[in-house]
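Presented sequentially are two complexes of chain A, the first with chain B as partner and the second with chain C.
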Partner chain A sequence: MKIAILGLGAVGRGVAEMVAAKDLGISVTGIADSTSGIINPAGIDIPAILAKKQKQGFCGDKHISAGEVLRKAEYDTLVEVTPTNAVTGEPGLGYIRQAIRQKKHVVTSNKGPIALAYKDLRRLAAKNGVALRHEATVGGAIPIFHMLEHGLAGNEILAIFGVLNGTCNYILTRMSDEGLTYEQALLEAREMGYAEADPTYDVQGIDAAIKLVILANTIWGNGVRLEDVDRTGIDLLTPDALRLADEEDCTIRLIAEAIPKKGLLRVAPRIIEKNHPLVVEGTLNAITIETDMAKEITLIGKGAGSIETASAIIGDLLFIRDCYVKRA
Partner chain B sequence: MKIAILGLGAVGRGVAEMVAAKDLGISVTGIADSTSGIINPAGIDIPAILAKKQKQGFCGDKHISAGEVLRKAEYDTLVEVTPTNAVTGEPGLGYIRQAIRQKKHVVTSNKGPIALAYKDLRRLAAKNGVALRHEATVGGAIPIFHMLEHGLAGNEILAIFGVLNGTCNYILTRMSDEGLTYEQALLEAREMGYAEADPTYDVQGIDAAIKLVILANTIWGNGVRLEDVDRTGIDLLTPDALRLADEEDCTIRLIAEAIPKKGLLRVAPRIIEKNHPLVVEGTLNAITIETDMAKEITLIGKGAGSIETASAIIGDLLFIRDCYVKRA
Partner chain C sequence: MKLEMKDSPGQLVAALKPISDVGGNIIAVIHQRDPGSTDDILSVQIVLELPKGRLDDLILLLKEQGVHIQRIGEERLMYRRTVIMIGHLMHTDLSDTVDRIDSTGFAEISELSMSMPAVNERSSSRLTIKSITKLDMEKAIGILRTVAREKDLLLIEPMEETS
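Let's turn to the complex of A and B:
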């Protein structure tokens, strides 16, 4: 199996490292970061280009663009891991479309294109007889889509509830455990590297809402959009609210929930019993799926991290290898 | 896809009901309980035979044995859901072997044959070009084996920790939450239908140990046996022990754990922090998998129940349908 990787941030680096370190039968024949590219049909020397990237800030040849890698490299599957843009989906969305039209399978961790255009992309992939997989877009290392597709095959999915943003969960955990104010906990999250300088995207529930949209569209194909999510962030929560919850053996978590039969699509801070499986600590993510046969199944795991997200991408790659590439 | 079902207890009934209720493209052409059988190449009328079973105590013709259904019915896949015998594996083990030799796929919820003879059965299945799946043997509705096979593909599994017995977990939850003695909690578990008249198999950790053996053999193919498990039950635990754990924000749960690199294979009551993902309430099951890439992933769900276990069996059936039967 031959792959091309577009994007060499934390996720792209993780994938490249793991593919190089493990004997998975995967060879990388094209890589591009935002300013350079490299193409090698015989397989790229991953440790060398990662060292170059670290030293010089770019991985390949400045004259080779991502678009050129996309068009000219020899590969079965594109790993599209460029930065997310939730408004336009670009540049990832264009790369994904082009790869599918070239009859390449696509694996992506990029939430923008999947949240914006999942239905179109699926149709395009079906038309071109290729796979489009996006395990890494929701819940980091948690293989939620594999679980839904295989483990829970035959089940009707009735509802989904999730702790989908590690930054918010860290802040709420610290407010709850240590009685910190929102501002104190946010400052701490920044110092730990869990929150960005501008935390809006996380703390106002936008990131969680995008993931909820991806889950809903993947499960129910109902074409919901970010604007359809009833959304409240955690930035107005007070230590008093958490103290009151604590008195009832409860706590507060930012819960994303979708219940199609009730028309519910919401991200909001919710009071929840401390012993509920969704109450996880720190930056963990958790997802509960409610079905007709299996009833409630909860998955808990790391929602971010270079190697953790690479795990999800490699799971998708191996699925494509076994179900498509080997049988082609 | 055509299936034969051997065993018509809670699990077999659940499978039959769900196959009849859902449009899965599965037809049941043979069924046997312990005293009768029925064969119909055109598809058995499930509601009628379930009604007969409830009214008369048997489902079919007293002159047709399970062995006859196995040999004479027309089916692709055997659903083997007869009662578990942890010592001999019979009658399930014999049924499974015979079906595989007849080149039938097998799906089973039967812990005995899988714990005793997994390696042999896998070899036999590979030799005959058929699938052998056993999702329902561990963790009820939790699709742990699908998760390991697909979602975590490419990961090295380093360790596994589980709350694998709902009866013990119920007793420990009640001792912890209400300060009950072991005897009081056991009595309550019996009244709720969670514990058998003779609770030895559950409370001494035998059931959890069998599931641990199945997990270890499936993941690592290391051929461990029930006798290899270092096993301690919960029947000697005192309310004092739970009270002491509680003072440290911990509780006690019966944890099954396998860490091959440490040579550890153990079922024992363990002191564990209350906010650990494995600390689940009541009869729930929970399994944590530790891997090199995804790190820790925890799954929580119902460990028993007719329809919940049917969910696991149907997941296996649909996987076989999509990967084997359709491609044959």
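Let's turn to the complex of A and C:
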């Protein structure tokens, strides 16, 4: 299978590294970052390109744009891993539409386009007879969509509960374990590289809410949007609140939940018993699915990281190869 | 309730049967024989749930069986959940916050723990709510949600109990 990769940040690099290191039968024929591109129908020399990117800050020819790679490279599947823009979804949204129109399969880790236009993109993909997969958008390495689609096929999904933001979970873990203030824990998270310089997206629950919207749209096709999520962040929590919870053998975690029957779509800090399966440590993510037949199932795993996210993308790629590309 | 009955075969079953007859649900039966006792009287504690208004019927039926009721303790509020509130709790009339639940008649604040770090800083409190039914609990938490919005307090709710 031939793939083109748009975006060469942590996720794109992870995918390229793993495709080069593992014998998966995948060759990369096009790569673009924000300022340059490279096209090679015979297969790109990944280690050389990654070394160049690290040394120069760009990967290819400054005269070749991402759009050109998208249109001119020879590939079956586009790996769209450009940065998330939650407001417009661009540039990822445009790339995805373009690729689908060219009858290419798409695998993405980009939350913006999927949260904003999932229904639309699904319809477009179906019309063009190609696959659109986005395992890496929620829960990092956790194969939540594969589980929902295949392992839990035939189940009615009644509710989802999740710890979907590793930064918040790290801060809350540290506040709970060490009695740190919110400000101290945030500072520590930054030093560890778990929090951005501007942590708003994470600590106000926006990132978790976007992931909840993606889950809800994928499972129920209900067209909910970010504005529909009742959202409270963790930035006003006090160490005393965590201590008060601790006295009852509980703790506080940022929980995303969707229960369609109750009309509930919410991200908020919640009191939760310490032995609850969603109480995970540090930057881990956890998702509980409640269904009619299987009842509750919880998956726990790494919610971020270059290689961890590549795991989800490669899972999608191999699924597409087995279900679509091989047959053709 | 705590019951006394003759220590002979079949007596305990005879004492339990009236409970199901009035539609009650037995939660626990605690029955400890005092080894030093030569009495032929058996003392049993039973924890049970009864439909409203059936307690008098049960008492009558038990008396007919020759069972002596030593003590009846009634716990009206069965459901218990804990919430945490953060903000300027004293300045926003804490007693009014508590009263908004207590005045409902179906729920009450049974415990309140509070910490106030400094005069002008936000304080944190843990409130234990008790209610008659699960639905009443949802209503009570709904009231606190409204109060929190009015008074600009952060309400941290407990996770739902899984069904």
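Note that the second predicted complex is superposed on the first by the 328 of 328 C-alpha atoms of A that agree within 3 Å, B and C clash if a C-alpha of one lies under 4 Å from a C-alpha of the other, contacts with A are read in each partner's own complex, and residues count from 1 in each chain.
The working rule: contacts are C-beta pairs under 8 Å (C-beta built on N, C-alpha and C of every residue); 3 or more make two chains touch, one makes a residue touch a chain.
Computed from a predicted model, the values in this text were never measured in an experiment.
*Asks:* Looking at the overlay, what does A:296 touch: chain B (first), chain C (second), both, or neither?
*Replies:* In the superposition, A:296 contacts both chain B and chain C.
*Asks:* Given the touch rule stated above, what does A:151 touch, chain B (first), chain C (second), both, or neither?
*Replies:* first
*Asks:* Would you sort A:18 into first (chain B), second (chain C), both or neither based on which partner it touches?
*Replies:* A:18 sits against chain B, while chain C stays out of touch.
*Asks:* Just checking: does A:318 make contact with chain B only, chain C only, both, or neither of them? Give me first, second, both or neither.
*Replies:* first
*Asks:* On the A-aligned overlay, A:280 touches which partner chain: chain B = first, chain C = second, or both, or neither?
*Replies:* Only chain B is touched by A:280; chain C is not.
*Asks:* Just chain B (first), just chain C (second), both, or neither: which does A:307 touch?
*Replies:* first
*Asks:* Touching A:101, do we find chain B (first), chain C (second), both, or neither?
*Replies:* neither
*Asks:* Can you list the residues of chain A that meet both chain B and chain C?
*Replies:* Overlap of chain B and chain C footprints on chain A: residues 296.
*Asks:* Spell out the residues on chain C that touch chain A in their complex, using ranges where they run on.
*Replies:* 82-84, 86, 113, 115, 117, 122-126, 154, 156-160, 162-163
*Asks:* Which stretch or stretches of chain A touch chain C in the complex?
*Replies:* 161, 232, 236-238, 240-241, 243-245, 247-248, 250, 252, 255, 257, 268-273, 276, 278, 290, 296
*Asks:* Touching residues of chain B toward chain A in the complex: what are they?
*Replies:* So the residues of chain B in touch with chain A come to 18, 22, 24, 135, 141-143, 146-147, 149-155, 274-275, 277, 279-281, 284, 291, 293-302, 305, 307-308, 310-312, 314-315, 317-319.
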